[in-house]
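The letters A, B, C, D, E and F name the chains in turn, as written, and every chain counts its residues from 1.
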Amino acid sequence: MKFALLVTAAPHQEQAWQALEFGRAALAAGHTLPRVFFYGDGALHGNSLFLPPQDEPDVQKGWQELAASHGVELVVCIAAAIKRGVMDADTAEREEKAGSNLAPGFVISGLGQLAEIMLEAERMVSFPA
Amino acid sequence: MNKASTLHILSKNTGALTATLLRSFSENDGLLLTADGVYAAFACGTTLPVGTQALRADVEARGLLPNWPESIALTDHAGFVDLCVQHARSLSWS
Amino acid sequence: MKKTLFIQQRSPFGSESPQEQLDALLVCAAFGQDVSVLFQDEGVWQLLPAQSGRPLQKRTLAAQLQALELYEVKALYADAAALQARGLAPEDLALAVTVLDAEGVKALLARQDFLLRF
Amino acid sequence: MNKASTLHILSKNTGALTATLLRSFSENDGLLLTADGVYAAFACGTTLPVGTQALRADVEARGLLPNWPESIALTDHAGFVDLCVQHARSLSWS
Amino acid sequence: MKKTLFIQQRSPFGSESPQEQLDALLVCAAFGQDVSVLFQDEGVWQLLPAQSGRPLQKRTLAAQLQALELYEVKALYADAAALQARGLAPEDLALAVTVLDAEGVKALLARQDFLLRF
Amino acid sequence: MKFALLVTAAPHQEQAWQALEFGRAALAAGHTLPRVFFYGDGALHGNSLFLPPQDEPDVQKGWQELAASHGVELVVCIAAAIKRGVMDADTAEREEKAGSNLAPGFVISGLGQLAEIMLEAERMVSFPA
């Protein structure tokens, strides 16, 4: 079955960790997960300057691994990202900011990416804060 | 296992949230307690639907296993995925 | 055609959720989804007239909700219990919504492909 | 104006939060409603203490001015600062 | 000597607040403040025995609360109404706390210079 | 009177805006505000890559102005900052991250800065999420 996930919880919240565990379990069960959309505080997942507390799992790294192993697209909503201090190189240049901080494996795009995956997906599971 | 039904996923514990969820709950729907939603199993005066499940890791971490009600089955993320497949749609309450 | 229900559960200025949910709804509608909105719990405060983001230097969510009709989003619902708990009557509201009792809410949910409440 | 009293600042609107605040409220304490806390003025079955104030901008933005109860005075941030000076300490509820 | 009360109002794993509040308390104590803790509302769930962050790969807040005594933080209180609403008896708890009724809570607040609840 | 503020709300939350308005009003009334401590999600105030929504006030800029005009110290808690993707140059180098994103006018330091200002302050007002 084709799943889509919507993550609006921030990376340090429990629901963010659950989204990752859910993604892993869905792929392990043979389902497909073409895209995860990070929206609201979930946009903070794309921040490369983030370090998890010691001895705690790195949610961002977990997603990057699923992206590499299963081709899961990690899309961060641009409007949510800009409001929360996550910027790719293009935006940083346009806004004359000193640098960008988008983590490898994540892409920044619009809400169309959410609407589009909903047209394809058989199930969408949401992980709110 | 009802194809037209909704899986409700509760991840917070406030009386108002649980009350609205229960009012929106149809006969063949399912309920999964996750994160702080597992505390709803102990809310005084609230009866959760028959067949309600909960994520074991979240129950265990919170120290709720010793008094956990037998009527609420414990599951894991693989079970969570299965529940999503069995129901036609999911609704996350937080 | 995919049917998606957006459940507005939060007050208009307390968080970014109502605005972000509305933005998502407009894009989903533009992509051809059959979208509707249910105002529930604290979300019914979004329906009060005379709201204005101006004193807070914020955008006015209520003004954008008024524009939903322009986008052909006409399926707007409010949970009767949420209105009643806050002493709000349907005629107090700035938007024409269909008021649903518990059975109506259940039936609305059961008609959807996707449900969003964040 | 009581030097030993607490200024309670309420910025969320949940029944449980308001209930705990009111139970923790001493006779000479003050209450200021801000942000979503201003909705507490309309909570059925709740009586707010005499002398409760609210931030005007927050009330106005939410469209609550037309039905605002006369018993709750409206103030601004300068008034908020004054309240903090008048009370010995503040407690933010959210 | 400044007296500061930290009010733990949130469940142990639902947010970062309990841990961040505990970290702040330990530093305030180290700087010579007279600190105490009141467990209120959902915060009383922090007092359950048998908690373990292990299944969630998180640190165990309860274990750190146990260590408060080592830091000479002995003024620990719980709100009776919060315990009662959750069906918890004082003897169920992992920490020796003084249970306060409403009058006790009011008196505790009135003794402080600073009150923190986040 | 000497005030200290503790901001644990994220910059896009209403309470963050109120903290700034409170700080302005306190200074306008002749009180002093030596330090604001940003903790919890409030640490996001220190992220330089953050842009407010169009037509909405820039909370970060507001604080930077108060720092410049009244010498208000803007201290971001290091532990909270690292968990939420805010890093000064030193930390970025130590953690081998590509860049830093601490906004000008803000400093990153420890909880001792909070405890210390509490010893001095006559009132502390907290702005939680």
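Methods note: a residue touches a chain if its C-beta (ideal position, glycine included) is under 8 Å from a C-beta of that chain, and two chains touch if they have at least 3 such contacts.
Everything quoted here is computed from the prediction, not taken from an experiment.
**Q** Using the contact definition stated above, find the chains touching both chain A and chain E.
**A** The shared contacts of chain A and chain E, listed by label, come to B, F.
**Q** Out of curiosity, which chains are bumping into both chain B and chain C?
**A** A, D
**Q** Could you say what rotation angle superposes chain A on its sequence twin chain F, using C-alpha positions and rounding to the nearest 5°?
**A** 180
**Q** By mean C-alpha position, what chain is farthest away from chain C?
**A** Farthest from chain C by mean C-alpha position: E.
**Q** Mind checking the centre-to-centre distance between chain C and chain D? Centres are C-alpha means, answer in whole Å.
**A** Roughly 28 Å, centre to centre.
**Q** In whole angstrom, what separates the CA-based centres of chain D and chain F?
**A** Computed from C-alpha means, the inter-chain centre distance equals 25 Å.
**Q** Report the inter-chain centroid distance for chain B and chain D in whole angstrom, where each centroid is the mean of the CA atoms.
**A** Chain B and chain D have C-alpha centres separated by 36 Å.
**Q** Listing for chain E: what residues touch at least two other chains?
**A** Counting only residues that touch two or more other chains, chain E contributes 13-14, 16, 56, 58, 114, 117-118.
**Q** Going through chain F residue by residue, note those that touch at least 2 other chains and give them in order.
**A** 12, 14, 53, 83, 124, 126, 128-129
**Q** For chain D, jot down the residues that touch at least 2 other chains.
**A** 16, 35-36, 58, 89-90, 92, 94
**Q** Of all possible chain pairs, which ones touch?
**A** So, checking each combination of chains, I get A-B, A-C, A-E, A-F, B-C, B-D, B-E, C-D, C-F, D-E, D-F, E-F as the touching pairs.
**Q** State the interface residues of chain A toward chain F in the complex, per the touch definition above.
**A** 10, 12, 41, 44, 47-53, 82-87, 92, 95, 97-101
**Q** What part of chain D is in contact with chain E in the complex they form?
**A** Those in contact with chain E are residues 4-6, 16-17, 20, 23-26, 88-94.
**Q** If we count contacts the way the header does, which residues on chain B are in touch with chain A in the complex?
**A** Spelled out, the residues of chain B in touch with chain A are 9, 11, 34-36, 55, 58, 76-78, 80-82, 84-85, 89-90, 92, 94.
**Q** Enumerate the contact residues on chain B facing chain D in the complex.
**A** 14-16
**Q** If you look only at chain C, which of its residues touch chain D in the complex?
**A** Those residues of chain C that touch chain D are 11-14, 42, 45, 48-56, 58, 62, 85-87, 94.
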